[in-house]
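Contents: one structure, followed by commentary.
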Amino acid sequence: MILERKDVLGLSDFSAAEIDLVLDTAETFREISTRTIKKVPTLRGITVINLFYEASTRTRTSFEIAAKRLSADAVNISSSTSSVVKGETLSDTAKTLEAMSPDIIVIRHPCAGAPHILARLLSQSIINAGDGSHEHPTQALLDMLTIRHKKGAIQGLKVAIVGDVKHSRVARSNIHGLTTMGASVTVCGPAMLMPRAVERMGVVVETNMKDALRDADVIIMLRMQLERQRSHVFPSSREYARLFCLTRLMLENAKPDAIVMHPGPINRGIEISPDVADGPQSVILEQVTNGVAIRMALLYLLAGGRQ
Amino acid sequence: MILERKDVLGLSDFSAAEIDLVLDTAETFREISTRTIKKVPTLRGITVINLFYEASTRTRTSFEIAAKRLSADAVNISSSTSSVVKGETLSDTAKTLEAMSPDIIVIRHPCAGAPHILARLLSQSIINAGDGSHEHPTQALLDMLTIRHKKGAIQGLKVAIVGDVKHSRVARSNIHGLTTMGASVTVCGPAMLMPRAVERMGVVVETNMKDALRDADVIIMLRMQLERQRSHVFPSSREYARLFCLTRLMLENAKPDAIVMHPGPINRGIEISPDVADGPQSVILEQVTNGVAIRMALLYLLAGGRQ
Amino acid sequence: MILERKDVLGLSDFSAAEIDLVLDTAETFREISTRTIKKVPTLRGITVINLFYEASTRTRTSFEIAAKRLSADAVNISSSTSSVVKGETLSDTAKTLEAMSPDIIVIRHPCAGAPHILARLLSQSIINAGDGSHEHPTQALLDMLTIRHKKGAIQGLKVAIVGDVKHSRVARSNIHGLTTMGASVTVCGPAMLMPRAVERMGVVVETNMKDALRDADVIIMLRMQLERQRSHVFPSSREYARLFCLTRLMLENAKPDAIVMHPGPINRGIEISPDVADGPQSVILEQVTNGVAIRMALLYLLAGGRQ
């Protein structure tokens, strides 16, 4: 099977079969990172550009390691050292990069829709590594790989997503992916941090965290964007933590074998307590490991590989 | 034939035979970037350092991709993350890098002459990737490759260079290269942005853009350095655009098959109108593609390769 | 022989046999950087992360070149472009990186002990590339390689270390390493820049530079951290230079064949005069060359290589 699309922009239009293809491919790549020689020649001579308009450690590093383990050439461009400062438009930057004949461009951008602009303009494959509050499909795919790995299947699970759903690209991509795969999704958070008409995305909304966690198989905690707190529409960290922090006590409301996830970086003591983050139900670090495998799978499939 | 020089610092002392050698070599490298596997083992084990004291996307990325497609190891140093902040002199930084045994050092520096200091100090090959308002030889070489590709030859063509000629390293290198290759060059721009005694470089000076474009085969538009406008010697963008923007109407003054070039990043609506930048006579993106080929050719020739 | 330790955090607990092993291994790697093809496949498929929380040119570049010459994949993370700005704890960053399965993490951090935290937390090998005012073991190892190369052996030599000993990780690592190898070490500098009870580290303390240099075989000048001068406990540069600058005249107090070392970047005219820095007794650039060899040796040994 091959992935019959040029770009990975979001999960809103991914079919269950496509998600399965990506997850299956990633399963076969997981093993490479456990070898002594963590490198295969699969993508030799392929050029991957990581175009990051926002600071990032984990996502950029994950894509770079994924590319290198497949023997692709990875070229990093970050807005802090690039001529983006010279005020070039995004589409001119994109056309310029296209003219250097990369095969895949990975882009993170603070504006929703930026990857879609590139995808329309360029003949190359585009991977969205996070666009504003819109989508972060590779994060949702690695989350689903982690869930499938731990639970055997996604179909029929109850997944609770807790936090600032409104501004979270991680939440949005996961809602699309998880509902497509047959999970039932409950979202929970302060009313002011819920997107309008979120129910239309096929999710249940709860304002009380205990209710949201009841019978949950999977809990995805979202990062509280502390930098937003300067705007007054936001609760204080202390207030937020009192109502929505995943403590050990709160975790007891979920199923005893529920797994706890977080896209990182975590704010210890705000959205998640340290004992839960480091506890036996946490799969946060396995998510990171699966992130490399998912990105290897996507680079491979977009370069024309088959599973 | 081999390139019998250690460094590429500027085109002021390049012979026509040398320019032909570089362009011919670049022609053979153009094809590599069109392959599925865009990589040849030619420069395996060669170390290229990209030492950038100014922010840059296209030039640094172009050199990095060129190095990697030849299997060289590319190491990037940008002033924003280096100990340049600790106040080390340029020559001490250079001698330190030399001691790590790179083969080629690519340098961009805000001060004219910086690459020449390195070339005198170091046994390694130095490539000037832009030094202040002085020279940018790889840009002029890729411009000439583009012209030759489109027009068959450079000899006998009329080339108009329009804009802030005084502060433009692109203009300076192109004037040297194009006159050496037998083109006739006309420069045009506001009087205050013309270098003194520019006629001595063998060019015609026009202050009226229509006159400059008459019978032109090639038009090279220069980037307006908007950051200079804070100094009062500078016209406003609106004033500048009214007189020196390459619009479709203005373009009609040139030959019907004239090609339009720009080193990028472009200021749409200031020195060039969007319809011209994206129009059928524009070869701006082909310039970028040729940039990778020119840099591959120079790395190859400086590492001792022969054509 | 193999290096029987997971990490290289400092030289305080290195045995003479271990130091000899590293130096002997580095000797065999020195030659690779003198070849036309400066690359061996030894560490193919090994991932090295350079995690730098402080700006650096020479150390980061040296590690990156060392990794690439051994065919390892090098991934750079600098605090200026990473999510360190998002306030993640060091241990969470470390666990996240661990989950991406690197083999070796090289860390520079402004806080003493940061590499030790990583070493305890992670299964991977950690190399300390400088932690606060604590240790900089790879610098001391390359210093010792240089001394051994020039003097035949370290045992029995008199080494003078001059400058801000109190804040110098270079001094601290060299004191540990050199005394372990049987050198006699004298430290010298302004009283306020001497660590308390430094004699307990097995060194002689002199406040007069002439006395410190008497009969010295090796002089290690420390970098004056000019940025510290804003605090009032610090002498002015002029005052400092008058008493502690290594001038040609001052150098005459040492043995005629004494070698002059400096970790760089140097402050010309402050701790060392230009004629001495560039003079026949200076081995400052050979130190840089040996730095690449030492880092190749450490990467090789930590990856399980044997000498």
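Letters A, B and C name the chains as they come in the text, with residue numbers starting at 1 for each one.
In the analysis below, contacts are C-beta pairs under 8 Å (C-beta built on N, C-alpha and C of every residue); 3 or more make two chains touch, one makes a residue touch a chain.
Keep in mind that this is a model prediction, so the values were computed, not measured.
Its C-alpha atoms fitted onto chain C, chain A is found rotated by 120°, rounded in steps of 5.
At the chain A-chain B interface, residue numbers used by both copies make up under half of all numbers present, so the two copies contact each other through mostly different positions. In whole angstrom, the spacing between the mean C-alpha positions of chain A and chain B is 40. Counting partner chains per residue, chain C has residues 80-81 touching two or more of them. Looking at the complex, you find that chain B touches chain A at residues 33-39, 52, 55-58, 61-62, 64-65, 68-69, 78, 80-81, 226, 264-268, 285-289, 291-292.
The touching residues of chain A, counted against chain B in their complex, run 44-47, 49, 73, 75, 77, 80-89, 92-93, 95-103.
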